[in-house]
Each structure stands twice: as structure tokens, then as C-alpha cells.
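As written, the chains take the letters A, B, C and D, and residue 1 is the first residue of each chain.
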Amino acid sequence: MKPTVILAPAPQRRDRIFTSEALAALHDRYDVVDLEERPDADLGEHLPRAFAVIGQPDLGTAALESARELRVIANVEGNFFPNVDYATAFRHGVRVLSCGPAYAGAVSEYALALALDLARGISREDRAARRGEERYFGAGNDDAVLLSRANIGILGFGNLGRATAELLAPFRPRLRVYDPWLPASVVAASGGEPSSLDETLRQSDIVFVFATVTSESTHMLDRRTLGLLPDRARLILVSRAAVVDYDALLAELSTGRLYAAVDVWPEEPLPAGSPFRTLDNVILSAHRAGGIPQAYALIGDMVVDDLALIEQGLPPVRMQQASPELVGRYRNRPVT
Amino acid sequence: MKPTVILAPAPQRRDRIFTSEALAALHDRYDVVDLEERPDADLGEHLPRAFAVIGQPDLGTAALESARELRVIANVEGNFFPNVDYATAFRHGVRVLSCGPAYAGAVSEYALALALDLARGISREDRAARRGEERYFGAGNDDAVLLSRANIGILGFGNLGRATAELLAPFRPRLRVYDPWLPASVVAASGGEPSSLDETLRQSDIVFVFATVTSESTHMLDRRTLGLLPDRARLILVSRAAVVDYDALLAELSTGRLYAAVDVWPEEPLPAGSPFRTLDNVILSAHRAGGIPQAYALIGDMVVDDLALIEQGLPPVRMQQASPELVGRYRNRPVT
Amino acid sequence: MKPTVILAPAPQRRDRIFTSEALAALHDRYDVVDLEERPDADLGEHLPRAFAVIGQPDLGTAALESARELRVIANVEGNFFPNVDYATAFRHGVRVLSCGPAYAGAVSEYALALALDLARGISREDRAARRGEERYFGAGNDDAVLLSRANIGILGFGNLGRATAELLAPFRPRLRVYDPWLPASVVAASGGEPSSLDETLRQSDIVFVFATVTSESTHMLDRRTLGLLPDRARLILVSRAAVVDYDALLAELSTGRLYAAVDVWPEEPLPAGSPFRTLDNVILSAHRAGGIPQAYALIGDMVVDDLALIEQGLPPVRMQQASPELVGRYRNRPVT
Amino acid sequence: MKPTVILAPAPQRRDRIFTSEALAALHDRYDVVDLEERPDADLGEHLPRAFAVIGQPDLGTAALESARELRVIANVEGNFFPNVDYATAFRHGVRVLSCGPAYAGAVSEYALALALDLARGISREDRAARRGEERYFGAGNDDAVLLSRANIGILGFGNLGRATAELLAPFRPRLRVYDPWLPASVVAASGGEPSSLDETLRQSDIVFVFATVTSESTHMLDRRTLGLLPDRARLILVSRAAVVDYDALLAELSTGRLYAAVDVWPEEPLPAGSPFRTLDNVILSAHRAGGIPQAYALIGDMVVDDLALIEQGLPPVRMQQASPELVGRYRNRPVT
């Protein structure tokens, strides 16, 4: 008798997050109830003998009370929504796991790419060249700067911020970090200088925004705080739109005082007539930082590895364990 | 009596390579004959008592024979041209120095920026967004790849190649290196795998071209060798146009099989009607990799530091010493 | 009303793990019931209103059921003993934390020190010099080896193994790792090669033993497995004596085939007449790897930081969270 | 016709610096005149057609004037002695190379080993255990310190100092560097803080001495400067005895105020009755830092590689090029 695993990845897609090898391993080890393939199957019917749920279906109190064999809920979407009674899950000793770390590599490389592009005007000058207006040698480089030894700020020092700090290490930046969820010692141990939000903005010529959305962080970057940034600062927005007041951002960018690379938008798609679309000091990006094939495939690999550990009576090590303290605080919107 | 220094930076410009602090230090320590300020001054008149020449003026045999106090020629343009009798300089124990290392930081950051942009389609999707055709989430990411753990090739492992390898370290790539001027042990000590040109091209999904131009390296990348690259390979050209056969490159790029970021061109400016200008799988760049303000200012700092060392009877450590073996082999064109 | 914190560090000592600053912070924020100062105080009386227990006193089912305000048990000794009803603690959502990470820096530096000493014969030749028998230059170096690019094995890749791998990074070793609790991907992501126990021993010239004691790992290093080590291998034992069969180890060392640095012993103090005491290919160490002043002081700092986070409704980040899966599996003996 | 290479390694020994593979390569490519094998052969007779001299035989003006084909002198002993007319060699464009870098790996690992040993009392406590006086757990650790985040000083930032700084990188020390031959920028680029001798000593709890001997550096560490070190400082002496006043050092060590690891001695062997031999706060080492089999074998590999490059008209890259400015300044004694 193989343990039962319920596979309910929506809005993720099974074949995007599982390579054929990973899916074969899953079927080899478990009795897989595939709710993507059988959307009419009744989750409730299979829950009482399920060892694991892969996905983020509705799991209210009654459902979880019935799931007496359940050991793990492996969220493959990346956000914790209030459709699960997490308190009951924790009380029952069910591991609640997030695939968030699967995106850290993709997002941090993308964030670095955006920072380097803004620092050197790559997209802007490529556009100029297509208009026949490129400027050779130093002529187009007046505002070009190095990341090496630069003053760099990071807002939010979770998986994404730390992965980015690792990529930045050879640049030997002076790295200021704002993260109200971390003690100073943890930031310092990673080579950053723990700083307040204001100080980080005031002192940094390049700022990465990785903050997640909570009631406290909503519009953390508004007219006042954006105004703290030094002239010619470069801002890289790759986490959540809600942490930024886009009207204030637009106002600052319209003056040409700052540069920004923007991957997340308060409304997606960005409206056709949005004035952001014509700014030359902006890199436009369509929420592309994390969702690349290698990141998606990592999710399935992480799930397979962690299920195997849990089955052997060992703790999971690849996915991120949900914190009971935090699981109810996020205000991220679902990615559809 | 202060030693005499002849300052003849053309085609460089004095105030681009010397900060006001560096220039003040130079005047403080030396009797500076500034040929930029006094273009009518006679180099030959000042040479006999010159301790140093900063720049790359014509210095033939007779001139060098007359320069009996000369200890150092500090080239601030970056290339060694045949307007100097290097053999006589070396025989007289004159240090011949190059500012080449000043550009390594700027070029390597730029090369990494281009590689990350090609890997993730940043410029391309920014252009799409300005046309209102951006694709959200995974939709525009079908061909996106990570640099982390990628197969990466480097052609030419001098200052530029090594600086780039250092920036790549946190990505833990599998790094193949082709450099016919280096023994295998030197490449291996830097974490690369010494490889032939063909093998490097065949096995690498991302290839950086830093090779300098010699008679051997001209059109090193031609139809045959470009054909060795795997499908979807990304090529970053930031060194010298002459190492590439651009007709062959255009042919490959026109099929869409490869991606390229091109910073150097056989004819600059690139002709208005060049078909490169419309390719969507290319990043167009106008010879901008090295010439940024911070790189230029570094040249003056290096000159000031090394002149001070030489005056104290110590060897220079910041500029690169010209090799008698190599100084006549380069075929780089002057940068004007 | 400040939250109540029960401080019961025995067998640790309060003033060894709390600097005066850390202790002042604790008293400032909490109503501290100090059971070291007041050994007659009744734990049970204070438990019902305790927010935190710092230490590892007996906490059976009844005690934990009474501790209705309890949010965290911060173990400051480093091992989980069966005097606590962990299942009840977890069911109540009490964070169970370990100070283990506080020792990682001290142990990894010590392990590296022992490895380098064995590699170069430092203690042995220092003893020889005190007998007037030192050998100059290459004479005493016949068996000296570099760690750089060496074949190195690590048994157990938790906090200690990973911290050691980080210190080894500049040596660019070929690093084989055996850890049955980790999937291969996690080892590979740290630059190691996941290997079996036998393969790790067979291929490694330097082997670090960090394995914890469980029923499976007891006498993991016995006559057979020690026999797999190559001639002249260096063995560094700094975790737990029970993972090694010391009779087999003595037999191997007596032949002179191997070298070992031994910090843990099946009986401590090591008996006066132990034959280990006279072996020249052994470094004798008295369970000194972790317990240094800076490591102890780190424990208090970690406790203060994590209590502050938990009080703010945030997850702890400095101490290690006990895994429900593992907390009952350890067979470590108390350190007295 | 193969080029002629004169092999005159004394006081080095051919088979210690050439592996059989390296020696075979040498014989394969060159007509080798082996003066170790044929001590009666006449160097002068072979010089006129020699392409290379491997070793450091007497090469006065007349000899060098006769050596019209000579392209390279590859010193395999590590010091430049005044038995060669270096000025003539340089004027003739002969490359003068040093095997010094071959020792950097061995010396830096040894220096780190000594520093870690002093930091943790490993040799001292091993000696105590052999007397049956070991102290368990924290008892012997009162004076133990971490290298991590420590204040560390390096005197002399050539090959040895830099290699050591690389090994120290994961410890994230605060690194002060004194090197009067380097501009501040070069030290800073390696992550160190350029400092004066006094400041380095005053602020560092661990000090590595790599300074070479010149007239300026003789007895650089004397009563006054040793007195600047903080209490409990650890001093690692692995370069040249002449930079230290050993009477002053003995005086400081006798009070127990400092710790030292000493690998070089003003008189070698150290006299039998030297009071250094009984100090418990000293590690005694018999000039063993560099001369290990792997370092010796590296010399031959470097020679073979660089001769091949020079023969191809390329500059050498593995051995260190002698500086005309410095070659006459060293006051090192021959290693016999």
C-alpha cells in the first residue's frame, strides 16, 4: 500500500512544475490522486487517507479534521491564502510548506540584471540604436555607474534579498538592509548593515525592493520615502506592487530624477495608455522575474524530495516551512 | 627640483582621466609639461629631462635615445601602437605601462549585464511593452534561462575575462575557458576548465568574447565556429570587432538560432541601414562597455600611484606592464 | 505588566551565556524568574503565566498543560533530552528552540585548525622541538599535505558541517558529503558531492566527522569503515564519541596508517593510562571544540533576539527550531 | 635542433622540484644540460647557446655577455642573491623569474594553521594531555578566541600575505594591512584596510608577519613595536627572522602577555638551551612553512609552463618576474 498524495496544483499547472522524471518518481512512490486530470474528483473523499496535499485547495476546519493521515501541505503557488485553516493544520502537526525558495534564483538574477541595465542604460541605448540615435563610447555613458563598491540598499531580507546579496558579493558593495522582521545580528552576519527604511533610502544609489505585503508595508514607498532617495538613484521593483504608491513613483520618475525597473504593477496588464510606457528612465517588465521554466521545474523537485524525507520521519529541507506567526499576515494577491 | 612629467594624453582628455585631486597631486609632486594645454610645446625639447611620459605620443628611436632620465611611459589610451620604439624603451629599462586594467571593472559589469539581459529577454520585452505587446508571467519567459549552474564559455582570459569570472563566481557556472596564451594550470587555478576554441563553443550556452586582436585571432568567430554553438546560445561581444566575421554572425542571427549582445562593430557608427538594427534577438550597444566616468577617473589615479612608486625606486603595481613579447603583436585599432 | 520569563539554564550557567548587556536587556523587557539564583523557587508555580522558559528543566505533560501562556522553550544546553513532553509542546504551538547554532562558528574553526595541524604536523613537530629533536625545512615535511584542492569528506552536513564547508571554500577542495537526512540536491547546492558513507571514506584524504548520534549512526566508524580510508588519511573527530568504535580506531592508529585529531572520548576524562595518550599521529583534545567564551555569549544574544521576535508575533530566526520528527531521535549524552 | 636549457638547481635538488612527468617534458622539448648530474660540466661552455638557465648559478657580467641566446633565468631557490649581474640581464631582455609563488599556498595554509592553533591552544593542550593534565570543556578555553570577525593584521602584502587574506575571507575579519611598497588602493581592493605599522600592531589581536628583509625592515618588530600589540595578541612569524628582534620578542613572551608561533629563527637550528624551547605560549616550528612536497613539485611545473610560453614568444605567467627595482634590495639569507 503506497501512501496517498493528492495533487491539486491549480492555478499552477502540473506539467510546468513537474518534469517527467519528477512526475514518474511521484507516481512510483505514491498513490497519486490527480485533481488536475480529474477535476470532478472529490477532494473530501480522498482526504481521510491522504499523506500529502500538493497544492493549495480549500482546506477548512472540517476538511482538515477529517484528514487524519495528513502530514504535509505543499503549497506550489508561492503565497498563503486564507482558504486553509492553518491553525488546525499546525495543531495537528501537519507540515505546511511553501515553494517560495524555488523562485529565489530566478528573481535574484533578474533583479541583478535590472540593476545592471539601469546602471549602464542598456535597454535605453538599445532603443536609441533602433531609432538610429546611438551615441558611441563615452557619449552615452555620462550617467553610467558601477555596482562595484556602490551604496546599495535592500528592502526585505528574506529568500529573495539574501539570494541577491549573494550575487552582489563580488561587487563588494556597501550594503544597507532594512527588514523589520530580523534582528540586526542576522543582517550583519550576511555582510549587510542593518538600517532603518529612511536611512537605507537616503544612503543608497541602487535600491532593491523585495518586501512582501503586509498591512505595515503597504505603500511603504510613497512620496515622502521616495523623496529620500539621492538624485540618480536606481530603484528595482520586483516583489509586490502594493508596497509602492505608483502615483508618487510616476511623479518622481517624470522629473527624470530617478531611474526605475518595474516588474510589478498595481494593475496587470498595465493599462495601454499608462504614462509609464513612454518614460525613457524606466525599464518596463511584465511580472517576469520569477516565472521561468527552471524555477517552475524546481518546485516539483523540491516537493518530491521533501515528501520523501517526511515519509522517512525526517524534516523537510527544501521547501520553506510556513511560520504560524506569519501565515496569516501576508496580503499578497493570488498570481493568476 | 621636482622631476619633470610630460602629459600628452591625446586622444584621451586630461580632465576625463584625472580628477581634480589627482591632477593637483601630479602638479604638487612634478614639474608637469601639459601638452594638452600647450599643444604648440615641443615634446622633444622636454624629453631629455623627463622622468615620465603620460600618454602615447610618437616616441621613435631618436626621441627615446635623447630621453636619458626617462623611467616610465604611462599609456592612457589602452592600446599599444607602433608609434613608439618599444625595444629601445625596454633596453633602457623604461617601464612601459598600460591603463588597460582601469577598464576591467566597467567591461566585466557590462558584459554580465548583457549576458543577464540576453538570458532573460529584458531589452526585448521592454521594447515589446512600449509597443503594448508585453506578455505577463511565464508567457514571455519560454526561452528564459538562469546563469546559475549554466555552461559558460570565455574566450580570452586576460584582465577582462578574469574580472568577469569573478563576477560569475556566485552563479557557480561550469566555466570553460579558451586562451592560447595561458597554460592550463592558470585557467584551472581560477576555477575554469581550459578548453579548445571549438570545445568551448560547442559546450557553452553563454559565451563571452574578450579576445584581443592578433593575426591569429582575426575572424576567430566565423561561419564554422559560430556554427558550433548550441541552439539558443547567447553570445556577448565586448572586445574587438575584428575577432568576428560579422557577415557570418548576421547570417546566424537572422535565422533566430542564436542571441547576441554586440558592443563593437566593424564600422562605427554602424551604418544606418544595417540589418543588425532590426533584429529582435540582438542587443545593440555603441561601444559603451568600458568608457564610463569611473573607469576614466581610475586611469589618473593609477598613473599617480605608479609614478610615486617608481620615483621611490619601487615597481609599479596598478597599471599593467607591457610585455616585450606582446607589445608588437596587437592589431587593435585606435579608439578615437 | 511585563511577560514572565523563567530562566533555568542548568547545567549551563547564567553568566556564561548572558553578557551583562544581554542580561540587562532580559530584565528590562521581562519579569525574570531566575531559578539559578533562586534554586528553591518552584517552577510549577510560575509556569502558568510564563511566556518563555530559557533552559531545559523537566517539563512533563502536566507541567506543559498548565503553561497556558507559554510560547517558547529556549534550550541553552544544545541537546534535546527526554525530560520534556515535546509532543504536547508542539501541539500547543510552543516554539522549541536550540542553541546549537551558537557553537557552529567555534566548532568549525576548531575542526579546521585540527585538520591543518594534522596536515602539517604542527603539534607533533612542536613536541619534537621541545625534546630538541626538531627537523628543519623539508626534513619534517615528508608527509605534509595541502588542504587546497584536497579530497575532503564530511560526515554529517548540519550546522557544523556547513560552517566547516564555508571555511574550506577558499581551499577549493573536492568535497564529498555523507548525510542520510538530506537529499542530494541540498548537498550539491553547497558545492559538495553527495556520497555514500563508504565512498566518502574511500575517496577522502581528510575526513571531518560531525554526525550526531542516533541508533543508526552509533559506531558508524568501525573496523570495516575505518579500513576504507586511504593510507595517511587524516580524521577529525569533533562531534560525538558514540559514532566511533574507539577500539577499532586505536587499532588503526597504532599501525601508523592514519592520523587523527580527537576531541571527544567514550569516557571523559580519558583514562590516565589510555594508549591514545602516547600516539604521535594523534592530536589529543579535551572536548574543547565548542565551549569557548564567544560561543557561550552568543547563546544569550540569540535568546534575547528570538524572544523579542516571538513577542512581536514574528518567528524566531537565530536559534534552531526543533523538528518534531527529530527531537526524539537523538541519543546524545548530556554535557555536564 | 632543440633549444638548450641549463639545469643548475643547487641548492635545490632536481628531483624534488621536478616530477618525473615534468622532467620528461623538459627533456622532450629541450636539450638539457644537467649540472646536478654532471657537476664537472662547464657552465660557461654551454651558456653561449643556452635558451634558459634553470637555477641560480653565478652569472656575472662576462657570463651574461656571452649568453647571446639567453631568454630566461628561472630561479628555483626563491631568493635573489648578488651572484648574478641582473642589470645586464635586464638590459639584454632576459626574463628573470622567481619560483616564490610556488610557496604561497603552503605558507599561507601553514600561517592559518598556526593562527588557529594559537587562537585555540591546540598544541598547548595536546602537550597538557600527554602529561595527563588536560582540562575538559570550557576549562581550557578561557583564552580561546575566534578568528571570525577578529581584528587581524598582516605585515607585508605580497604573494604570502594575499594568499593568506584569501584563506581568511570566510572568517570576515577586520583586516589591517601594512605594506610600504603598495599604494592604499591596492590593499583596499583586496578588502584590507591600509594602515601604518604602528596602527596595525595596536589594533590587531592576530598578526601575520610576511615582510621580506630589506635594510628598512630589519628589526621592524622590536621592543617598541611589540609593545604596541594588545594583551593576548597572537603573533605568527613565518617569513624572515631578521625582521624581528628576538631578544625583545623573548622578553614579551616570557611575561605571558602575548602568544607566538615561530617558524623562523635568527640561528637555525635553534640552540639547544634556547629559552624559547620551554615557553608554553609559543608554538615551536623548524622553518617548515613552505618546503613541502607539493610546493617543491609546483616549481618544476611552473618552470616547464613558462619556458614553453617564452619559447612561443609569449610572456611567462606562472613564475614571478623579478623587478629591476627590487632585485638588489632583498637581504634574505640563502636557504641551505
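One rule holds in what follows: a contact is a pair of C-beta atoms (placed from the backbone, for glycine too) under 8 Å apart; a residue touches a chain by one contact, two chains touch by 3 or more.
Only a predicted model underlies this, so the values are computations on that prediction, with no experimental measurement involved.
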Those chains which touch chain D and also touch chain B: none
Minimum number of chain-to-chain contact steps, chain A to chain D: 2
Numbering shared by both copies at the chain D-chain C contact, with half separating same from different: same
Identity of the chain that, by mean CA position, is farthest from chain C: B
Centre-to-centre distance between chain D and chain C (centres being mean Cα positions), rounded to whole Å: 36
Chain B and chain C, separation of their C-alpha mean positions in angstrom: 50
Averaged-CA centre spacing for the pair chain C and chain A, given as whole angstrom: 34
Pairwise chain contacts, counting only pairs that touch as defined: A-B, A-C, B-D, C-D
Complex interface listing, chain B residues touching chain D: 90-91, 93, 181-183, 185-186, 301, 305, 308-310, 313-315, 317-318, 323-326, 329
Residues of chain B touching chain A in the complex: 16, 105-106, 109-110, 112-114, 116-117, 119-123, 125-127, 129-130, 132, 134-142, 144-148, 166-167, 169-171, 268-270, 272, 277-278, 283-288, 291-294, 296, 335
